[in-house]
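We just call them A, B, C, D and E in the order they show up, numbering each chain from 1.
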């Protein structure tokens, strides 16, 4: 089974999962939730328990259908993106990014997920929360970047995702607003050459977690992403990071259907 | 069961749990314990073990009834508040805040809780203790805040709770009382714009735990809470925090009945 | 069973445990071991495994009898004190303090404890060792304090115990003997107001563990204990602590019989 | 079985494993992947779970055949080297080094590995990624070293492998390119006496993991390797390492067949 | 069984274990391996799993015989010393110190140990490696100390063993050879009063592990050992330790037969 996942089985998974689809509900406005300020973004990473792999495939497919069900059930209020960390990250197997106008909606989704037959096999590897804000630090951010951030990734492309949590040092916060803005200007300029190939999104975490920022990156060109980070490490603002990563999460963007197909094997 | 928790089952839970209620005992004076100095506040966070979710619902409801029983049994001497961390915090599933005049009463409650059929499924995620004191640092604290702290949260509202443990650096304690008071004055002024939407309560932990303070926040507006923390990070006193959070606990305020209902699913 | 531990069962436990008592052996000289220099003090903290609580009460009582047996067997050479951490400390459930003239006697006790039917349910949470020395730093220590340290706690009183491990920084040890003595003088003066209500005992750990000191406190007035620690944090010597606590252990003083009674429930 | 692994059994393992070999596919170009810039190197370390050793030998051999199968299946696109850490490293039992032109190919290999019957017994101990670059810091690197890096280790020799992850401090990145190059020159000169007996390879990790570099060493003379590291610790550049090792991975180079033979015992 | 390990059973253990002894092989030259430079010393600490204690005694004795077998099998090339940490150290139960001319011989021993029936109950708590060198820092080391280091401990004496790993800071390595030698001279002078009662041996770890040195101590007088460490903490060289201990391992020297006897109980 490991060597060739049969086309037949792939069809069976898709059909079963397809039948699960609930009567159409109005989906949350993806554009709005992914571009406006005042939206809560939650990153919830999970690893599968040891029992998961020991079950036979039929059982696993049945349980994966409950995953699909829970996501469908909450799509009216939430935008839920999924990522495959397994193989690239030693912290977790799957990552959910959830956008919501109220964090208690996200809590309800994660409660339902963990209560589902699939969720009983999930161990929480980490949960981080952040709030989107108007980009007041970076006035010159190009419009096309904002546009790109709203569009979902093309299916089949499977670009890479990187999530880096950041905690600033106490000195950073004691600087004046002008001093911080000047440093952020330098930071922004360093990142300009990479806006075309590396998508970015910023979440403000202070108080919601033991972080100040969650930085989210999507790219098909990891080499450009590495050059971007190296460029950012050379500006003054970087010296005010008390924590940068730890963990850095690296994975691939996958639709819910792709996640289900991978985990069914 | 995950997708729709039936109204019938909800009734059954409430009835069973209701029947458990012991003959009325004089409840501890909530107002007094939540407002006076010299009271011990304990924050005990627990996660549910892997066996919990594998049991059928009848068994879980029976065990949750013992949770209710233990809380009832101790309500004569203790004020016990409950919070749901699951989904929002990766450290624990439930949090108890216990106020007592003597810490040995709290110990007896937690012993009884862990000995109960429900408690056998709890893993201790963390226990922190603090003592309330007269607010000598902050002479200008508004009276309405104090009043608000005494009132329990409205049922149904489910505001957010955030608990942030703090450890000061050695330099902080070597400052003179006047120097510390001046910094605390600046701290207090920074927090004034948020007193209406963010409730706060302070516990002194030095010696009782590896902390100096436990700061407790309740709010329905997380965005205001984030602005409050950002404001506090900009004053001089913040630079004397050796530890701030780690963990930051985030959850929702829930009555014992709500906790039982969520865990019964 | 959780709600009311029957008087009958309590009697059964005491009788069974009483029958276990071995033929009288000469007990170690408590006064001598608790007051003289050159004595090794070991703090061994354990948590109970998940299987412990799943056994029925008869089985647990039978196993607790082996705990009593092992303690009796070693009382000729060791002074063994017991503490209940459960509920107040998230690190461990029970704590043993063992005084011996030779550490290999302590090792034999802990080997026998862990080999006993009760011990098979213990997970080691931490072991710390220290050596008592003549109090050359603190010439003015009142005699009544020394006297108090020799007397066992009154049964029923259940005062609190706090154990704080300390590691000094490298600079501390590079100071001259006079400089350290001057700082310790200031330290001692700060603690004088609390000698009546807070008992203290000091163990020198350097080389035996990753610590320099183990400080042991017993009090019925936790508020005084907190004031004492705050007073000690304000003197210069405190700035030379690289580690203070981590963990701070908080519990209640309990006789072996009380520990057995609590764990039998 | 432990004392003498029979020659017969050894043959059986080799035959079974040999029969597994898939129809010849074009293998990835080892020379190219091990010498060119722009190649992704992944270090994935695993420990075997407790169940592994409890199975009988026939079962283990059958499962090891799936390991061989997965490696064969991916040899068209990847270069996969294997190392035995067990006994020398307390972090993991086996280490895979995977070279690929795209990290998503490596992810697919590790997904297939973990889904195999053998992989179900693997716990991920750590995954690190790096990118090879043109050695612009070190212009004088001798050609024979590059040549040696391309050749696989001789079978039977079993030289040692050491992997040391490195994180530079923020100050390092704020230096000018010239300052860093000057320090790297000094670093390179210090290492010259050891180029003959210690093979080295460098991977750039910034952004892909919580590291900046992964340094890889192969040697039959550990004493020379130690002298090399001591020489490198004495140059200025070393003071800009915020993390050096943690973990240092030490093991022996083993072919896949040797790994299978060791684990079959 | 805990209270009195019968003389009969003790005999049975010794006979069974004795019968295991393999036909005499030439043992490794203990004197040479314990005194010469260029020898690899490995410290491997293990804890017993929870299943170990749940087996009946006959089973445990049979498994301990395989421990004896593996040690015998490797005595031609290795010198293997054993220590009992259980009861005195919270990190591990047993410690092996292995001296070898090639680290791959040590790896083979530890592979065989972990593959044995006894080894399947061992969890690796830590493995550290070091290399012996000519004592060029300390020209005045007395000859009688070297002589003492070669002689095995007297049976029955059970002196204490302490193992302290050390990591120097980056500044240490940037000092000149003369500066380091001057500091080591001061270090050596501080230790002279304790050479008679505290045996020492030094291993150089740089690059082989996340350490620079492993310091090994044997003594029957722990009080002298503590005074030695206090003396060493007061010299300048101590300020260049970034890590000292963590963990400090404390145990008693025991022959393999004694270890087997203790674990059989």
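Everything below uses one rule, namely that contacts are C-beta pairs under 8 Å (C-beta built on N, C-alpha and C of every residue); 3 or more make two chains touch, one makes a residue touch a chain.
Remember, it's a predicted structure, so these values are computed and weren't measured experimentally.
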| item | value |
| --- | --- |
| Intercentroid distance (Cα basis), subunit D paired with subunit C, Å | 48 |
| Centroid distance [mean C-alpha coordinates] between subunit D and subunit A, Å | 30 |
| Graph class of chain-chain contacts, one of line, ring, star, complete, other | ring |
| Starting from subunit C, with subunit E taken as the next chain, the full ring order | C, E, D, A, B |
| Residues on subunit A engaged by subunit D in the complex (per definition of touch) | 1-3, 50, 53-54, 84, 86-90, 158, 160, 162, 164, 222-223, 225-226, 228-230, 233-234, 236, 238-239, 241, 245-248, 250-252, 262, 265 |
| Of subunit D, residues touching subunit A in the complex | 38, 40, 49, 66, 69-70, 73, 103-104, 106-112, 114-117, 120, 124-127, 129, 131, 170-171, 173-174, 204, 206-210 |
